[in-house]
Every structure is written in structure tokens, then in C-alpha cells.
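Okay, so chain A shows up in both of these, paired with chain B first and chain C after.
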Partner chain A sequence: MGDNAQTTFLDEVAALPACGKISECIQCGVCSGSCTTATHWEYPPRKVIAMVRSGLKDELLKSNSIWFCVSCYLCTARCPRDIKPASIVHGLESIALKEGYKPPTKTTTMYKTFSESIVNNGRIYEFGFMFKYYLQTNPLAALKMLPTALNLLAHKRMPLTPKKVKGKADLRIIINKLSAGGGK
Partner chain B sequence: MRYYAYYPGCSMEATGLPVEKSIKAIAKPLDLEFIELEDWTCCGSSPFAGVDKAKAIGITARTLAQAEKTGLDLVTPCSSCYTILQEANDLLKEDHKLAERVREALSAIGLSYNGTVKVRHIAEVLFNDVSPAGLAAKVVRPLTGLKVACYTGCQQVRPSYGFDDSEYPDWLDQMAKSLGAKPVNFPLKARCCGSSLVISESDVALDLIHRLLENAQENGAQCMVSTTCPLCFTALDVYQATVNSKFKKKFDLPVLAITQMIAIALGLDIKASALDGNVVSPQKLLKPYLSAKPQAAGVETSA
Partner chain C sequence: MEPKIGVYICHCGSNIAGTVDVEKVAEYARGLPSVVVSRDYKFMCSDPGQDLIKKDIKELGVNRVVVASCSPQMHEPTFRRAVQDGGLNPYYFEMANIREHCSWVTESRKEATDKAKALVSAAVRRVFYHQPLENKEVPVHPDTLIVGGGIAGIQAALEIANSGHKVYLVEREPSIGGHMMQLDKTFPTLDCSACILTPKMSMVGAHPQIELLAYCEVDNVSGYVGNFRVKIRKKARYVDTTKCNGCGTCMTKCPVKVDSEFDEKLAKRKAIYTPFAQAVPNVTTIDREHCTYFLKGKCRACEKFCERNAVNFEQEDEVMDIEVGNIILTTGFKIFDPSAIKEYGYGRYDNVLTSLEFERMVNSAGPTMGHIQLKNGQEPQSIAIIHCVGSRDEKYHEYCSRVCCMYAMKFAHLLLEHVHGCTVYEFYIDIRSFGKGYEEFYNRVQKEGTVFFRGRPGEVTDVAQTPEEKGKLIVQFEDTLVGKQRRQPVDMVILCSGIEAQTDAADVAHKFNISLGKENFFTEKHPKLDPVATMTDGIFIAGCCQGPRDIPDTVAQASAAAARVLALINKGKVEIEADTAFIDEARCSGCRICNLMCPYTAISYIEKDKVSRINEALCKGCGTCVAACPSGAITHKHFTNDQINAELEGILV
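This part shows the complex of A and B:
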């Protein structure tokens, strides 16, 4: 389906894992009313879904919407049509990242450095991940984080070396097999 | 003794260490044995799903396959790992095309997954397998009268996997009561702490943490009892200082993981509760309890 020039934005989203029921949305707005961070979204969740169905891909993926999702799943627990709005939002995030959209948020960089930490270490290495994230976004903001980091160090909650995880080689194989082209 | 396959999750090796230490300490006295999966890897959490869901499910499947080999229930204390593992487990049964791709990827590393694993949050193990009554029978140092706000957070009860109410869960209140403590009304108990957004959109997350602390304090709590999730625990404990400086507040509300509280009530050595790992020190508040002489187990603990 992904190679077909006729594929609509809606088709693209509906093909993602856990996003297949998007067409069953009745636009009731329970998701927007429930959303923990909706006031920050340029287009709140109900509109996000409407925009996917209307093919307004650029408008949606250039906006800050979706990146404020905190995965609290209030929308998903309450949706009367069980369309899983949080999963759709994460699916949209993956399309935006893959296609190089640059929405006005640092969450995109956070996601990328977080995921790199998994691939590089097999587990999230919190200190390394945070350090890299601040270096890539705003090194000065790292200064504001200093008291937090010192608190964590003082309470022995921020090891400065990553654990050695042999399974990281497995993760690379899995990721490679599941890359576009489908395992070959 | 009950046996479980144990998946701590990455944060338990860093920011969640006090919680992890207390879990290890209370397991044996509660006749539980958590057998850590060998060489486990990250579940991917929400950020990896936001980068590529199919790959995220693929790496989660490695953990499910490892757990299946043990024949035991898979238990995790992290609410994010719990939701991710549950969702992957469901999707691998529902989405046959995805399951086939994941099956191929797993076979490349010599693993397979047949969908038989039961994923459980440690909260649910404590509540259903140990139970409030079972816990109360082992209490030797009751936390009588301690007013607590019980915080379960989101991903332990949402999306719902049937353990407790998804809007206003009660398990943690019941557990705290069985230790002698007195849960206060806490309307925001299952609202979000902001999780990893505290890194990339800190204003948004700090606002959420602020609301939680304020709601707990307004309702008369002397401290918060959090679920075992290392993200919830860290948000409320470590970022309390940041909330104070941002909102010009003076919160000094200790945050205890329920497992730390259980360690105290069971009369274990002070090291077992790992209280020295808490940034907001609970020592002063707990001094009367910690210095009290342990009593015979099973004495009526309710205030």
C-alpha cells in the first residue's frame, strides 16, 4: 500500500500498527476534552483526527500538535469507538520524523536521542541520553538542569557509565529486519 | 513462595534505584521471588513507538520471548514498560501481518514468541497475590495515622487492562491502609506527571507536577505514596525542587514508593527502604515510626 501513488494520508495512517480504526471516529471530542495537555496543541486531538481524514498532512505535521502527548491514555480509555487516539498520535509522530518535518518542539530531538540510546546501549543510559539531548538542543538549558543532576548524583541515582548489555546486538538485528522493505 | 519473571526496566538502574532496592528487599518477606530476565533490553517506551512502532514492537517482543521461555508471569514495576509490554502482547495477537514480520525478526536472533505470556504490573501482584490483608498480617511497625496521598499515575490503569478503575483507582489506598496509614482524598491520583516531557517541554510537565503536589497538600497529606513507577516517583520527588523555584512554592512533601513504605512497616533494616535515595527527605516525618519498637506481627493496624 505504501508504494501506491494513490495512497491517501488516511490510508497511510490507518496502515500503522494500532491505528486501523481511525475511520470509525465519530468526532465526539471526548479525546480533546480529556487530553491532559490539549491547551498547548495547535490542533487538539479531535481536530488531529479530522485533519488526517481530510488529508491536511502538511498543516498537521508542521504544527506543534501531537508532540505534547504525554501518553496518559485518558483519550484511549474514554474513546467510545475504541479508536486508540494515543496510538494514532504516536503513529503520526513516526510519519513526521520519517519525512523530515520540523515542528516547533524539542520533543522530536528527545525522541531521537532516546531511541539512539536504546540502539547504542541496549537499554536507556539516562545520563548519556540527557547529556546528548541538551548538547543537541540548548547547552545553556543544561545549566538550569544542573541542580537536578547534582541532586540525582548526590542520591546515587545517576550512574555515569552505561550497563553492558549483550542483547544490543539482538536489537540491531530486529530493527534491521523490521526496516522499510520488511525484513527482506 | 511465588515465582515471577522480572523486568525492572531501564530507569530502575538509575533514577528509580530507591524503588528498585525496596522491591528487592520486600520480596522475600512477602514470599515472592522475582527472577530477573537475563540480559534484558529496553522496551522502547513511548519515544521509540513515536519513531517507529513496528520496530518498537519488535524490540519489545524480544522481552516477551525471553519471558515465555521461563513459563512464569512477566512482572514489571515500571508503568511505562507495563503499557508497552501489554500493548505489544495484544498487537502481536491481533495484527497478523505485523506478527509475521516480528516472527521473522525474532527467528534471526534464535527466539520465538507464541503469545502465552501474562504481563503484570508489580502493583497488581502486590494487591492480588499478597493482598492488603496478607500484608497487614505481616506489619510490625504500623504507620498509624500517617496522612498520605496515594498516587497511581496513568499507565498502570490506562489504557485499561482490568486491574483497577481507569479514572479513580483504589488499590494503593487499600495497601496504604493495611500498613496503618490514612489515605486522604486525592482527586488527581491518576492524573499524569508529565513523564519524559519534563525534558523536552519542561514548562508543560512542571505545571502538571505542580498541580499534583498542590492537590495532595490541599487535602492534608503529610507525604505522597507513589506507585512503583520510577517515572512517577522521580517526577514528584526529584522535580519538586524545580517546581518550588518555578512557582515560588515551598513544597516539602516526601514521596515514598509503596514498596519503601512496606519495607518500613515490615520492620526491615533501615537500608531496605532505601530512604537515603529520596531527594525530599522523609526522615523527619518518619522518625516517630522508625524509632518505635516493632510490635508483634498482625496486630490491628487501622487507625
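This part shows the complex of A and C:
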């Protein structure tokens, strides 16, 4: 390829971690046939791959498709060409977020608040994480969780203050490395 | 004789001249020691090119020749012949490869020219030390060994035997026939498989030139093209094949029932059995693993009822030695075991079958007499056929098995014929119908009403989500041409298991000293121009042991292998290259290290002279002994120290 060639949508996706084999897809459909949520997707996983290859970026990122992945990885386990459709879908999510597409589900908020808790404490801090999540989505929905929360508190299963891991500096190095790899 | 070297630089059209400055190389060669003439020419391999060499030998007294052109693989024999026609020993020739090793792999013209000069200089210095050598001729034994009695082995055996030459056909199962015998109909013409195969099988059984060695295995192979020595083990059948007439009384009397391998375990056979009614040879065999007498020490019912006293519990394996000139391997394939793909439920759900199981079920001589039925005895009303099971999948086999699309569509046709009003769904990725009459067959089953869904199913499950799915097997897939995930409830699922290499393919390759490719199929000498030969002279391959293929291709390949063998038999002799190893007995200490190292068992120790000696007919010129000899007593003709040192020097100056 010459130096002047423009970077295509396919190039952009293929450069993401674990997405390099996307051009080897044979469109057999085993990913969509295995997908536990595909009936909700505007375009099933196989078609998501086809659309990346055809450069239909806006049409794809505007759709609800990529946001329904629940990371069960059945597509990836069964793919005959080792394409890793789940990784591609997550890669597309990160592109969509960077470019300001608005996700139609709360999943992203869940991921974000969850990973914040990990980054800050080195482990999950349920109280803080759920508090933040409901604050950002629907605070009233938190009321439904109240009985569970009280139960957990009564059994000392949910500390009110975060517990942090030792060696947070090392954790920071690991996270920085991961972030540099493109996984945000 | 003072060496007078002629050097010829080939342009190879623009293949070499496009990158290498051939005139400069020729001019450079003119200045090298002992070179009397140096020319460049458009195509040295052409007749006028070869005539240049012959003319210079006659007129200028050239007595050593260097041609700088392509790889010796292609044209070394051509130029050796030209040198010989010119009146010299053909070994007074050396070839410098300035195409594959130079012009094709070097971009810069200057670098390519410099490299060509170095290669020519090496060849010139080497040829200076060349010595005249004589090729040897050895006779070709006119008998042939064929290993594997499927359609490939049967075809090759008949071709050779019909020309009047003797064939030993070895088959490890009790009868010949192979996988083709298990099939019901054959695509795309729907010939009955057994009907077209059994006449050939009985011809093999009755042919005066074929010695059928069923229930035998090859233990050991030694020797070389034209002169192989083979040890064959006749496994004990515990039945005297000269007495047994296949009447079958023993089978009715035997009390033990065992899963029939031939019927893919859908039916039972006895512990004394023939695999199927038309078995060749039509004699019974006792399965020692299941026979009550061998397990518990009593029974012998078969022996009591055999009118011809053919049963012999004292029989033992016998080893026979044969000599043959050529060997054809037709060891076939096995089918992929789909239980590895858990999501398709083979082995877990009763009504998920493999393709071979279905072949037996649909066969009128099979376990259900051709009735298509579920485990509960009912007829299925809807059947899913899943393509590419174990094929086109990096986790199992990357390749396409080449037969599944066609047999899957044959299944659809047979189902619609056998089960009135049923619906057949084909789940495919791509339909590969490339043979004669194949695309037309695809069209035919479409017209018959088969439903084609494009999509590799994700899973087969019995967990119903709707009332219609209750009690059914559900195929979950994406209808990729519509772009929707769907669930198709069916009564029966047939998995199109792909073709894979035999489990012991690696052992067989090792035994016959041939090479194995990716996924354990035997490697042909050249994928396009020499598909039935192997890198070992005198050993040929045909059928699925070389890679997945259908019956017409297998038969064509078997006939081709037979033709290659017949050519060698007809000629009656083969030429053996003269570049063998030679022991200087004055320097040999008799340590025998070389005896052990030689992969061709060509070296033996001569007790009376206390030295080792090489059988030149067996020596392949591999050079192992030369490197191993601690006394430096072994010389490799045409690769002497002088020659190799001169060649290195030529490159380095």
C-alpha cells in the first residue's frame, strides 16, 4: 500500500487489539447463530463485520447493534477463522464513544463506574460503585435494590468504606500499559 | 587432460537478463582461470543453446561446462545430456543457479550482477575438480505392492494386473471395499455405490495376477525403487481361508453380538463374522477381543457347526516376505468425529447422526433396511443437514473436505424420495459443486423442494422456547441472506463430517519413508505436475490419503499411479545417480559408526577384512556417513572436499 492511501474504517478496526483477523471472515454466520442477544441487534454480529469491511461506519455506529454484546464470547469460541467478533464489537464501542456516538443502553455507564472502582481501589467497592451508577442513570431505581443492600450490610458483606489493595503503584503501571494498548 | 572450461550465461528471456547484466557476467567469466570460452545466450535450454555447448566441445576442445541459468531441478538433466552428446562424461558439468537464487530474489541490478558473478566463479572453480562418473542401472522387479483395498487400491490393482503383471493388494480389514462400500448412492448420477463397486471387488478376488492379502498389514519396508523388500503380517483370522466357503453357519451359531463397524454401530454383527454380505474374500474372521472362547476358554460353537472344519483356534499371525519393484499407497481416510463440537450435540441427542451413519440407514441392505427412522422408530418429518462439520474451521480442519456439499444434497434427494412429505433444510456456508454434472444436481435438489439456509448453525439444542419447539431438536442459526437469527425445529439432524487423515498416517509415512504434509496427508512430489509420485522413487500415492477427494478423482488418480508403475515395469530398469559415497578401505578403522548412521542400510561391516563397505545400489548419496566418519575415510563422489572447497573459494574471492 502506498503512503497516500487513506486509512479506511476497516484499517481503523483491524488496528485495534485482537481485531487483526477481521479481513479473514468468511461470513458463515456462526457468530450470529450463537449470539445470545442477536435478536435485539439491528444488524447481527456477522453483518457488523461485513459493514466494517464495507466502510459503513456511521450507519453501524448509529445503530443499537454493538451495545447489546454481553461478552459471553460464544461467537469467539465458535468462530472458524478465529476472528474474535466480541473483541471487534468492544473495539467498535470504544471508537463510538471516542467519536461522541451516544450509547442507547446503560451498559457503558455500568462498565465505566465498575472500572473506575477497580482503577481507584484495585478491587471492587460495591457501595461506591452502585451509588455512582444509580446517580448517573436513575437514582429512583436504587430503591429497588434497598432490601438486598440492607441484607448485605446486615451480614457484613458490603463495607461502607473502600478496601484498597497493596501495591497500588504497580496496579497503576498495569492499567497504564493496558490503556496504551487501546483498551479504555 | 588440461581443463578447458566453457561458460554459458542464460538470459532466460527477461527472467535473468531483466535483473542481471548477463554480458558483464560473461565477460567476467572469460577472465577466470582455465576458461577458454564464455558466452551469453537468450535461452540455453533451447536446441540452438544446447548446440552451442556441443559445437564448442568439438571445435574449441572444451572439456568442462558451466551453465548459469535456472535451478538444476529443472534443467540439469537437459545440459548433462547435451554435454554427453558433445562427447564428454555428463558429470563434467556444473550448473549455477542465477535465477531462483539471484535474479528473482534480488532487486538491485548491481547486486544481482555481483551475485551472479560469485555464483559463476564458484561453479567454474568447482567444475575444475569434477571427475567422470558412471550412472548405474538396476533392474525393476515386475511385481507391485498396493496398500489399501478401497476404491483407489482396487482400481490401481486391476489396471496393473490387467496388463499381465503381478499385484499384491494388502488390506488390513477382513474385506476389501473401503468407505465406498458403506455408501448408498453416489452423486451426482445416483448410481448405487455397492452395485458399481462389487463387480470390481470380485474381479480383484478372482484375478490370476492379484494376490489379495486381506486382514494383513505391512510390518516393514526396505530397499529402493525397483527393488523393495516388504514384510507383511497375515493377522490370524482363526479361520482357514482355504477351507471356509463363507456359508455363514458359524455366524448364525455364534452367541456373541458386537457393534458392527461396517454399519457404523447402528447394527450388530457376531464375534465370528464377515463385515458385509458381498465381502471379498468371502471368508469369516473371529474377533478375538469379543469371542467367548478367547475370553472365557469355552464355547467353540462355530467350530462345532462348521462342516468344513475351517475354524482353527490355534492359528497364529504369519509373516511373509515379498519383493516388489513399486509400491502404491491408497490408505484412504477416516471421517471427523463430530462429538468434538459439543454445541452440535452428537452423542448427546439421539437423533443427531453423522453422514456415514445416515449412509447406512438409507441403504436398503443397512440396519433399518433403508427406512429413515428416529430412535423411537418413527419417521422424521423434518431433517436438518449441517454442512462443513469439522471442515473449513481452524479449530478442527482448515481445509474444505470437497465432498460434503455434494453428498449433503444427495441426502436431501434421498430423504425426499424415502420419506413422503418431509422437509429438508440444508445449512451451508457456500455450495461447492464444481464437478461434471454437480451444479446441475444442485439445481435438481432445489427444484425438488429442499430448503437452503445460508449460515453455519451456532448450536443444536433440545431446550424449547416455544410450544412448537417442544420435543424437537432446534437448530439455532443466522439466515445470513436475510440477516436475522432464527431457530428451526426439526426431528433429525445430520452432520456432514469432513474427511481427515487416518490416525496412523504418520506411522505409515515413516514406514514407507515418504513425507507428510499439513494435517497428515501424504505429500506428492509436485502439487500440479507430479501429483501421484512421492519424493521417494518407486512409491506412489492415490486417493484420500493424499487429500480429500471424491470417487471420480480418486479413480483417475489411481489409474494415473498405475500408469506410472507400468512405465517403470515396462522399461525394466532404473538409472541410479552416480553421486554415492565410497570408503577408502586403507583408512577405514572398522569402527562401524557409519553402519548405524546410514538411513538406507547401505553400509555393512565385512568381518574378514575388518572394514565397512557401501552397497552402491542402496546408497542414496545423502552424505550422512561422510560427515560421521571419524577417520575421514569416506568420500562422497561428486561432492569431494576438493570440489566443495573450490566452490566456497569461488564465492569468497
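Everything below uses one rule, namely that the second predicted complex is superposed on the first by the 156 of 184 C-alpha atoms of A that agree within 3 Å, B and C clash if a C-alpha of one lies under 4 Å from a C-alpha of the other, contacts with A are read in each partner's own complex, and residues count from 1 in each chain.
Here is the rule we use: contacts are C-beta pairs under 8 Å (C-beta built on N, C-alpha and C of every residue); 3 or more make two chains touch, one makes a residue touch a chain.
This one's a predicted model, so the numbers in the text were calculated from it and none came from an experiment.
> Thinking of the overlay built on chain A, is A:56 touched by chain B (first), by chain C (second), by both, or by neither?
Neither partner.
> I'd like to know which partner A:26 touches here: chain B for first, chain C for second, both or neither.
second
> With both complexes overlaid on chain A, does A:74 touch chain B (first), chain C (second), both or neither?
both
> By residue count, which of the two partners contacts chain A more extensively, chain B or chain C?
Of chain B and chain C, the partner in contact with more residues of chain A is B.
> Check the residue A:142 against both partner chains and state whether it touches chain B (first), chain C (second), both, or neither.
In the superposition, A:142 touches no partner, neither chain B nor chain C.
> Kindly classify A:112 by the partners it touches after superposition: chain B alone (first), chain C alone (second), both, or neither?
first
> What is the contact status of A:152 with respect to chain B (first) and chain C (second): first, second, both, or neither?
first
> According to the stated criteria, A:10 is in contact with first (chain B), second (chain C), both, or neither; which is it?
neither
> Would you please give the residues of chain A that touch chain B in one complex and also touch chain C in the other complex?
Touching chain B and chain C on chain A: residues 74.
> Where on chain A does chain B make contact in their complex?
16-18, 36-37, 40, 67-74, 76-77, 84, 86-87, 90-91, 93-94, 97-98, 105-107, 109-112, 114-115, 118, 122-127, 130, 133, 137, 147-148, 151-152, 155-159, 163, 165-168, 170-171, 173-175, 177-179, 182-183
> Given the complex with chain A, which residues does chain B contribute to the contact?
So the residues of chain B touching chain A come out as 10-11, 13-18, 39-42, 44-55, 57-59, 61-62, 80, 83, 87, 91, 95, 98, 101-102, 104-106, 108-109, 111, 154-155, 158-160, 166-167, 191-192, 194-197, 199-201, 204-205, 208, 234, 238-239, 241-242, 276-279.
> For chain C, which residues are in contact with chain A within the complex?
343, 388, 392-395, 429-430, 454-459, 476-480, 483-485
> Taking the complex as given, what residues does chain A use to touch chain C?
26-35, 38-39, 43-44, 46-47, 74, 78, 80-82
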